[in-house]
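Below: a set of structures, written as structure tokens.
After this come two complexes, each holding subunit A, first together with subunit B and then together with subunit C.
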Partner chain A sequence: MIERRDFLKGCLACGVTAATVSVASGKAMAAGSFEGYPDAMGVLVDLTRCVGCRSCEVACNNEQKLPEPDEAFDDMSVFKDKRRTTEKAYTVVNKYQVATEETLFRKIQCNHCTEPACLSSCFVNAYTKTKEGAVIYDASVCVGCRNCMIACPFNIPAYSYSSPINPLVKKCIFCYDTRVKDGKPPACVEICPQQVMTFGRRADLIKLGHDRIQANPAKYVDKLYGEKAVGGTSWMYLSSVDFDKVGMDGHIQNEPIISNVKDFLGFVPMVLTIWPALFTGVHLLATRNKGGHHDHEEGDHQ
Partner chain B sequence: MHAVKRQMILGVTGILMMLVSSVCFGAGIPDKVTINSIQKYYAPVSFNHAAHINKLKDCGLCHHHTTGAQVTDPNCARCHKNSGAQATVSCKGCHTAEPFTPEALKQQRDQQPPIYHRDKPGLKAAYHISCLGCHEKMHGPTGCQDCHKRNDGGDAIFKSGKYAPKAPAKPKAAHH
Partner chain C sequence: MKQFLTRNPGTQIIDSLRKDNDKGRPWTLMEKIFLGLNPQQYLSQAMSNPLNWIFAAILLVGVPFIIARFIFGLSWAVGDPYDNAWGLFLGFGLFGMVPLSSSGFQLGSAVEVFGRHDFEPIERLGILNGILGYFFAVIFLMCDLGQPWRLIYPMFVSWGPEAVLFLVAWHVATYLSVQAAETSTAFFEWMGWPAGKTFVKKMALGLAVSGIILSTLHQGALGALSTYAPGKIHPLWYSSSFQWLYFFVSSLPGGLCMVIVVSTIAVKTMGWRCDGTFKNSLSKLQIALAKGASMGLVTYLVIRLIGVAHDNKWAYLGTGWGAWWMFEIGFGVILSLLLLTAGIRNNSVTLVRMGAWTTIIGVVLNRLNVYMFTFNWQKGHVHIPPFREIMIAVTVYTIYIITYRAILYRWPILFKWKTRYSEYAVLEPTPVAIAEAEAAGSK
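And then the complex of A and B:
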């Protein structure tokens, strides 16, 4: 994944080497300095509680009116692969063999970063970080360039390939339109039998997460993943094993991704003029990545 | 004297619980409890309370400190070592069915003491965490439908049974 971001940097940089650097983007200036909206909501995910029932996938499919899945949601054979989010599934649950006798499940969806890399990388401004914490997008302005897909440190945005001429970004929106905007919990959170996910104000959840570790230090690794990662995420995680063992990057940077890319963000208007070249580059990259071997999740032994 | 009072309390709370059938353990302790909080998708569970009591003996394993049983969790014991039987012992008496409404969140936030009760799971999770957790340890049934059969509404959202995907699953592309 890191390689993809580096590639994006390279790709953008070489396309515009002739231009002078000027960090004009307000977004870029704000890098690392944005604390997040005070009343932003979040979700505390406790991986130790998940039983892999896939009800969250069911709820998301239903709530977001997504297409019929390839197999029924009670088909547990899906766990033999490490799946990623797709245009048909904004959330997927994977199974990880974390020790000889121990497996953990992890539900994957957008983490709704405080300073989203997708938002920073999008030159048509399709993305918005709402005051409730959701990272949403306006698909009608999306040109399908896939910058966000490459920029995302969590490998989340997917594309509707069913429309090859105009592929649009598709990802979890924190059930913003139908729920979170009205103060209701997301559909996946509500259906989960184990309350793997606790919905609440992000600031409260940080405290809750640390309290949970403190009350049971033998059970949890002493880290609230997402409190700091890439500048903070709305969805945060507790685990009983190192996060690398459940397909997460345990050594992910604390600086927002935008810090890596702000040098070229000044060129954003320029990008419009070099769009065809950029797209070709991105396309090549996408093709190169078809095997998926750059995803760190692939490194996990089942 | 104390025992009589406790039985009376249990009697009252027993009515609050979703008890359905006869009572033989003494005042108000139900033999069977019908749990139907997710009946949109699943048939009700007829929980055999008596059998679980016989097997476990210790009420505190499920009811924490509320029945007056000796608590073993040191975190709970700090306040509830001698707090005695409570007026409310049913799961739904404390665990709310909708833990994430703005009101519930505020209440949870303002809760005193600010630590343990503030992290109290909702009703559905209280059942599942308690039941499944113990079933795993004691090698009881752990499949979803071992305890509650999915109904038509459940099949519809799980795209299972008569709602199963029609198109034969194509060989999946390795990765997108």
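And then the complex of A and C:
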């Protein structure tokens, strides 16, 4: 009798746990192959056009009201190093010596993935992929675990580590609040004197990119970077050299990052449903001839 | 304390609710906290222990460091690691300590689910090792989070249920309460609240089974977290199919070996606190634990090799990282296996204890390799945490050891709480009271 009651209690305890956590897997499994919002916007970046004037960095700094940079925007010595995005700069331009006589510049910012790794790794749902294509961030719920920085395949999110009270993730949000929401191009695109960047519907940009490659196959490598990378990105790139030579991972996976995690997430509901019965069953089998599990009480009341 | 007891052999060590002399008067809470000594005696025995001076020195430097981290912000302690966002606090404190704390669910289920009551003398140590490891993993997490006061957000404010970390957060929180309930039996005995103990004992099976479920999933989830960063972790330490298995399976020997190590330290440094049952059964139990650990280790070794074969990563073994991988496996897994199995075969508890040490070092090294050392290996530099970060980690770990020792000194973990005169003082009078009543009656 006691055994049976304990058995039921065991099941109940496990059932509650299962109910609590099985929510965890549902949403992830549903994320099968999201093709992106139909009218999502994007930007096509033509690396061959960039001259490294850094005016996009200035425009971003003004638009997002970022602090003064450590080195002035007209200081071209910054090209000595390969920089990355920081809490003070949501976009940076780097210089790459791609051949003895040839250099290319590349602008780095959030690529606004179709299935963002930052979003799928965030346990408080601080990130949102808007229908306009921007990946935006809700600072009011961020706990500061920085899993998004671990997950981002492009190493984009930065963190204001120096703030003791309100440290936050700092990254490009596609000028969502001030521009893209209203259909206007982001500040960096608008200011560019070389028309390096083209703002438009992502679907149209894919076509435009391939048209440019086809029109000038000698100039471009036959790849539109971002069309497929990690499930597709809103920002896509054309280059005259292999993307590995301009600091991009040319062998990046085509599946979204969440697909790597699905093996494990798929296993979760199985454990939650099978383990309680399995182990309580094992208990009944293992202790059958020993008179149940209550014999350890004997020792206590000698 | 050991020295104090040799100098004062008459001291009564508290192992029940009532004193032996003084008419069986119950110990007061202050007496229980001071181990039955007066405060002066307690202080003098504490000061005569050189280890306490080392601890004091660490805390003197480290505690201001911890305070400064919260006043001046994370960058004061860890710098601005944009690329290696997770450092020592998580790499060691969370990912390293949680697998070494899997002992709670393993010993809990061995006794409660599988009916192996011969493990009872060490069950409570296993569970205590579990809860303390998890609790301090959360402390490490609090040091690392940008806004630790928002730690409850994934539970109550904003849900991100598709994230692996969401599962980890819920499971660790739930499992901490499960372990708190399991540990509470010792606390209830010590406080003299038998009703609480009886209540928890009724849930023992349910708690043990929840422990298995939660542990399978969150130990695995800690590995699955790294599958978000496929290109960043070195391929030898990464496998999208097996990563959660690597972490789960290695946590099993990790937890068991931690219990072997801790029980060895306990019996050597606080023998006065261990009762006869614990001391006499320890060698046998440690060898039994080693059997479990070696089965876990051999499984782990096979999975790690299958992982390399599955993605055909053999070529990496010829590189520098390959040599480091072979060291991790050679020292942490193969050497451990040899020591443990030789110890089991020759009934040598010394070999088993050495094997337990190499196992836990191997498990922690693996976690550091995944989340710190090989992270961003393609960038060609290894992330070494700054001094302040190391100092804070050492300090938190020191507080962990102090807490661990304080509980082992007091609660009935290493010894059985004696119920000589019964805990039910109201229902059953003490022998002295009975004698007095008889004397009064005969008048």
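Following the convention adopted for this analysis, the second predicted complex is superposed on the first by the 229 of 302 C-alpha atoms of A that agree within 3 Å, B and C clash if a C-alpha of one lies under 4 Å from a C-alpha of the other, contacts with A are read in each partner's own complex, and residues count from 1 in each chain.
We adopt the following convention: contacts are C-beta pairs under 8 Å (C-beta built on N, C-alpha and C of every residue); 3 or more make two chains touch, one makes a residue touch a chain.
All values derive from a computational prediction rather than experimental measurement.
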| item | value |
| --- | --- |
| Partner chain(s) touched by A:161 [first = subunit B, second = subunit C, both, neither] | both |
| Subunit B versus subunit C as contact partner of A:86, first or second or both or neither | both |
| First, second, both or neither for A:192, with subunit B first and subunit C second | first |
| Partner chain in contact with A:153 - subunit B first, subunit C second, else both or neither | second |
| Which superposed partner A:204 touches (first subunit B, second subunit C, both, neither) | first |
| In the superposition, subunit B vs subunit C on subunit A residues touched | C |
| Partner chain(s) touched by A:49 [first = subunit B, second = subunit C, both, neither] | first |
| Interface residues of subunit A shared between complexes with subunit B and subunit C | 84, 86, 158, 161, 290, 295 |
| Subunit B-touching residues of subunit A, taken from the complex the two chains share | 49, 51, 53, 58-59, 61-62, 68-74, 81, 84, 86, 158, 161, 183-185, 189-190, 192-195, 198-201, 204, 208, 211-212, 215, 290-292, 295 |
| Contact footprint of subunit A on subunit C as seen in their complex | 70-76, 78-83, 85-86, 109, 111-115, 117, 120, 144-148, 150-151, 153-154, 157-171, 174, 201-207, 209-210, 212-214, 216-217, 220-221, 223-225, 227-232, 240-241, 243-244, 416, 419 |
| Subunit A partner contacts - residues on subunit B that touch it in the complex | 75, 99-102, 105, 108-109, 115-116, 118-119, 121-122, 124-125, 127-129, 132, 142, 144, 157-160, 163-167, 169-170, 172, 174-176 |
| Subunit A residues touching subunit C - in the complex, by the definition given at the top | 6-7, 9-14, 17-18, 20-21, 23-24, 26-28, 31, 84-87, 117, 120-126, 138, 141-147, 149-151, 153, 155, 158-159, 161-164, 166-168, 249, 252-253, 257-258, 260-261, 263-265, 267-268, 271-272, 275-276, 279-280, 282-283, 286-287, 290, 293, 295-297, 299-302 |
